[in-house]
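Chain lettering (A, B, C and D) follows the sequence in which the chains are written, and residue indices restart at 1 in each chain.
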Amino acid sequence: MIIVLKKSASEEQIRHIEEKIREWGLQPSISHGAEKTVIGVIGDEAVIRTKPLEVFPGVESVMTVLKPYKLASREFHHDNTSVTIAPVTAGCAPTVIGGRQIVVMAGPCSVESRESLFEISRCAQAGGAKIIRAGAFKPRTSPYAFQGLGRKGLEYLSEMRRELGIPIVTEVMDTRDVEMVAEFADVLQIGARNMQNFNLLKAVGKVKVPVLIKRGLSSTIQELLMSAEYVLSQGNPDVILCERGIRTFEPMTRNTLDLSAVPVIKRESHLPVIVDPSHATGHWDLIPSMSKAAVAAGADGLMLEIHPRPEEALSDGPQALLPDRYMNLMKELGTLASALGRSI
Amino acid sequence: MIIVLKKSASEEQIRHIEEKIREWGLQPSISHGAEKTVIGVIGDEAVIRTKPLEVFPGVESVMTVLKPYKLASREFHHDNTSVTIAPVTAGCAPTVIGGRQIVVMAGPCSVESRESLFEISRCAQAGGAKIIRAGAFKPRTSPYAFQGLGRKGLEYLSEMRRELGIPIVTEVMDTRDVEMVAEFADVLQIGARNMQNFNLLKAVGKVKVPVLIKRGLSSTIQELLMSAEYVLSQGNPDVILCERGIRTFEPMTRNTLDLSAVPVIKRESHLPVIVDPSHATGHWDLIPSMSKAAVAAGADGLMLEIHPRPEEALSDGPQALLPDRYMNLMKELGTLASALGRSI
Amino acid sequence: MIIVLKKSASEEQIRHIEEKIREWGLQPSISHGAEKTVIGVIGDEAVIRTKPLEVFPGVESVMTVLKPYKLASREFHHDNTSVTIAPVTAGCAPTVIGGRQIVVMAGPCSVESRESLFEISRCAQAGGAKIIRAGAFKPRTSPYAFQGLGRKGLEYLSEMRRELGIPIVTEVMDTRDVEMVAEFADVLQIGARNMQNFNLLKAVGKVKVPVLIKRGLSSTIQELLMSAEYVLSQGNPDVILCERGIRTFEPMTRNTLDLSAVPVIKRESHLPVIVDPSHATGHWDLIPSMSKAAVAAGADGLMLEIHPRPEEALSDGPQALLPDRYMNLMKELGTLASALGRSI
Amino acid sequence: MIIVLKKSASEEQIRHIEEKIREWGLQPSISHGAEKTVIGVIGDEAVIRTKPLEVFPGVESVMTVLKPYKLASREFHHDNTSVTIAPVTAGCAPTVIGGRQIVVMAGPCSVESRESLFEISRCAQAGGAKIIRAGAFKPRTSPYAFQGLGRKGLEYLSEMRRELGIPIVTEVMDTRDVEMVAEFADVLQIGARNMQNFNLLKAVGKVKVPVLIKRGLSSTIQELLMSAEYVLSQGNPDVILCERGIRTFEPMTRNTLDLSAVPVIKRESHLPVIVDPSHATGHWDLIPSMSKAAVAAGADGLMLEIHPRPEEALSDGPQALLPDRYMNLMKELGTLASALGRSI
């Protein structure tokens, strides 16, 4: 940590800061520049980080040298982590997220009925998706909007999972539901609005199911990594990160898909990262181009929404792909993945 | 709701849309402009709103005429709502938020110890605060940061509350804790990061304690009102809104305090609105000017953080006011309130 | 245009609005909904748009049905526009932006010396760039930073252009320089900070040289199209748009590259669109992945910065590619373009 | 400047960086922390700042210790600067911006006609405005919108100025017009969209007329101070800064008024700062509360738009105050200013 002093800092103020630093078991190192004096603080940054050095008289600003996350960082864990999802049907191959294969998770936005779930899941699987996505609990801005089928939805998911032999990812919104949802899901999804629901993060850190964390609408990449750190620090090593668009001033898309987050996360962290172009753009016609862009940017997977009759969708109809458009997109993505030395 | 059609929309597509609208029990009204055709949809907008009209072939865009919130809107409830907090000591006057008096809620960021809580609360009360604010459960970006004293903190708060005869506002972060915290608190605070934790909103909507909702870092005013709607729709009429800064590109302040939100909320809603300049700016030296600005903008109250030794604060030290600065500020705010025809 | 009335709008207020609309030569069309009354305005929207209807008593809000741009819109001009740049050496093939080929514009950030310009341009051309980019006039945040070589830089560019037989794109910052720069440049660049320098846009709209407009740091896509409209409306049909990152709260990249802008612009407009990943990300290590993503998203071209000795660059060293990294990237982009049915 | 090295930085890389630093006439100072090594660079930061240290192999990040502005900084010039505008009528008192008095600049958005300019200016003056604001050159997003009366508008302004004996502030948009506008104006305004039109800043830095710089829609406070530095560095010491709202995701206001900018600028700089609530909010009904908030936040002045018939305004009608509302507001502001120990 580097403390930059005000020009007006007095000798006494500087002495006071140095004393405090030593009191905390750390080492101050003063450097008098031509115009400014700075104090480097040497020692365990975890200790330093908790101290409000900005408030000491004479301090102008404080700069952090170390990253606030550790378990999530590539410095701590150099090689890529891949998350393995056990096969639903014994003897089949597991699904690996973070390897050579780009893993597509597709399905309806929410479980709307047993029939439509089966119909869409079959289509998703036929097109090449390796995991089915569908929400039983839906976080909705309005209390008057469809809130999901809840436990009934999970039961439909479970039945479909067994019959099609395909793993599922589904959202958990409430600490009270974590254990229950963990019994049904192959991957637990933490939604964008819950990315900083810290108790929920702690709770999913204690179960033995992989966790997919969606980046919050206004969360920095560093905050996303800190949320991963919450889960990792509870003992759950299987964390997947998901870029799904951030909130900006641009009104033509629902959010702004920040694809630079993919290579930035790859540089900063060892965790796999996928992209959700459906929620990022909010418009089905933008999804093919942004799916291809995500794959070209190096994403380890995609999350796609499909609906055969978007006119009847109970949530997010405008961003759902029609089955034939999904099929076409998957073919194009296959060609693209090959050109990039990957598969789909 | 207004549906704008594409120039290329066919007769058949238009007919299809009209049929669907009638099928839902609503009335279409076509208007052929010089360059565009639009369809007005007449009937219960609550029904229309759930339909993904954007996905119908031939539709260019859809515009909503009505507000998505109802119970929170001034259209529905014309007069100002004021939230009354019963006195702690029988026979004393209640505290009213949303009346002529500007209500200051002050205290430490978090309960750090029994002693410091009493010390700071006494100072807050002496300066004119009518409610003590202090967190027992702290949402922290890092899993390694101080997470609050939890139930122990609530017990200290309870003891202080009785002894000083002053009501308290404290945060609840977890659906599992709502009933417990509600037994201790005079006002339940929903933190900015939980503004769209919809299950938590539903849970506090079911208890009989006033709820203070902080605006999320990247939430629009409309989304804040929708979160209020969640609480109101569960039967709890006592909702206070709090502007506490939004996330922008400006790095010199922790967040950007959006004071325009005060008159905008007053125009759109009947609910009282207060301002938290401490979290908005993140720097104690900006708090006096922004507190005065908040009062001049028409806020019904303020939330202020005080710490006698910010160098030792376990959270948010840089934004805490020293006791004497707090005392001075309260005097200045009193003069200002008088000039504006209010009191403090 | 649709006018939504307040619930409280009086008969007299409505009559006043209707009269005014008729006075302007337009037609009002009232529609009484269950909860709101709306007035559709039929006629020439160009007339309506200039009227401040929001201020009429009784009006709640006003919604626009038509796009504010015309010449730039796909509705007005259905087929893709491609911009053709005449060959430098008579008899050679022209360069077409907006066709099957993805056109790479590469070079140094600024012209630093005759020698380095030649060195970098040769490398750019060898790697497959079809246009050399380099600034002689540099907009710099600080008055103390290198401001470009000015006219001397243009002369070096001209010499290099002739010798290598490759067209150049270079920035013009000042209305007073437009004619001079237009004599040297094959494409005039309007920088992000000048995207709404309307007099400059008018000036470049009057010369007969193609214009490349970079999206402003905080400009919406609609504003970018309006800036194109400025140029087009002066008679210059050769406009190329460039996405180069927008300003958001994310600090890990210099800006946030908004790749969704590519398909959105393609849908809204007929103009070609290219991407500048160098300025968008600000870090050379992110440029390969974002270049590939831009191509996969459908961009018609790329702008890349190269520097053989970034340690000595006078501007934007951190975002420059080393020559061998540039060469590798161009090979990868070639493979990718083929997989997408395009060439480079 | 502080250079943080990568964990993986080799001895050779460190030596290379140290050598370069010495080569530039500066002094490196290495500090080996428990986990990271940092190099402090001692010497003239103006030299260091121009070097792209981020690109040196082994470097993780670079932190700047000094502010990039000097003439605009309070460190350089400790006491408040006040800008004095000579009286129009000899013998009258000058207008001082940055003193005890809060200076209101009021008038129409643009000069629409000789008559309306006189009418509105008389009203502005009667209410207590000390300077008339009105645009003759108008930067408009659309090429089809009213672009201002140009030189004719300046002549009307000049006539009104003489007759009413009140100074004027008016915008200059084009380097070619600076000398001409400077002959008419008492204060030259640089609009938000031209805040980083660096050639324009240089040009107004060379005339002997005070300059008012509006903060760009997406400009940081530091960038605003750098733009002031451009003007100051050309020899013009009379710079006034103006906060007028920044672009955020909130759609209910035209921009988000960042009032924290007032105390932040006061801390960082010695220059006077005023607020324009009209452009910030875009709605006349929000202007009274935000004007009061701006005064309470410590602004040295306000810019207000007035129009007696906003229904007929050629630009920005929705944000204009009616004359009687303006008169009322000025009275309220007078009371408020007194309570704050200032006058209006």
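Keep in mind that, in the parts below, a contact is a pair of C-beta atoms (placed from the backbone, for glycine too) under 8 Å apart; a residue touches a chain by one contact, two chains touch by 3 or more.
Nothing here was measured: the structure is a model prediction, and the numbers come from that model.
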Using the touch definition from the top, list the chains contacting both subunit A and subunit B. C, D
If chain centres are mean C-alpha positions, then the most distant from subunit A is chain D
Averaging C-alpha coordinates per chain, one finds the centres of subunit A and subunit D separated by a number of Å equal to 39
Suppose each chain is reduced to the average of its Cα coordinates; what separation in Å results between subunit C and subunit D? 27
Centroid from C-alpha atoms only, then distance subunit A to subunit C, rounded to Å. What do you get? 31
I need the residues of subunit A touching at least two other chains; which ones are they? 218, 247-249, 251
Contact residues on subunit A for subunit D in the complex? 2, 4, 7, 29, 31-36, 38, 40, 42-45, 63, 65-66, 75, 247-249, 251
Counting only contacts in the complex, subunit C reaches subunit D at residues 20, 46, 49-52, 54-56, 68-69, 139-147, 173-176, 193-194, 196-199, 202, 216-218, 223, 226, 229-230, 233-234, 247, 283-284, 310-311, 313-314, 316-318, 320
Show which residues of subunit D lie in contact with subunit B when the two form their complex. 218, 220-222, 246, 248-253, 256-264, 267-268, 280-281, 285-286, 289-290, 292-298, 335-336, 338-340
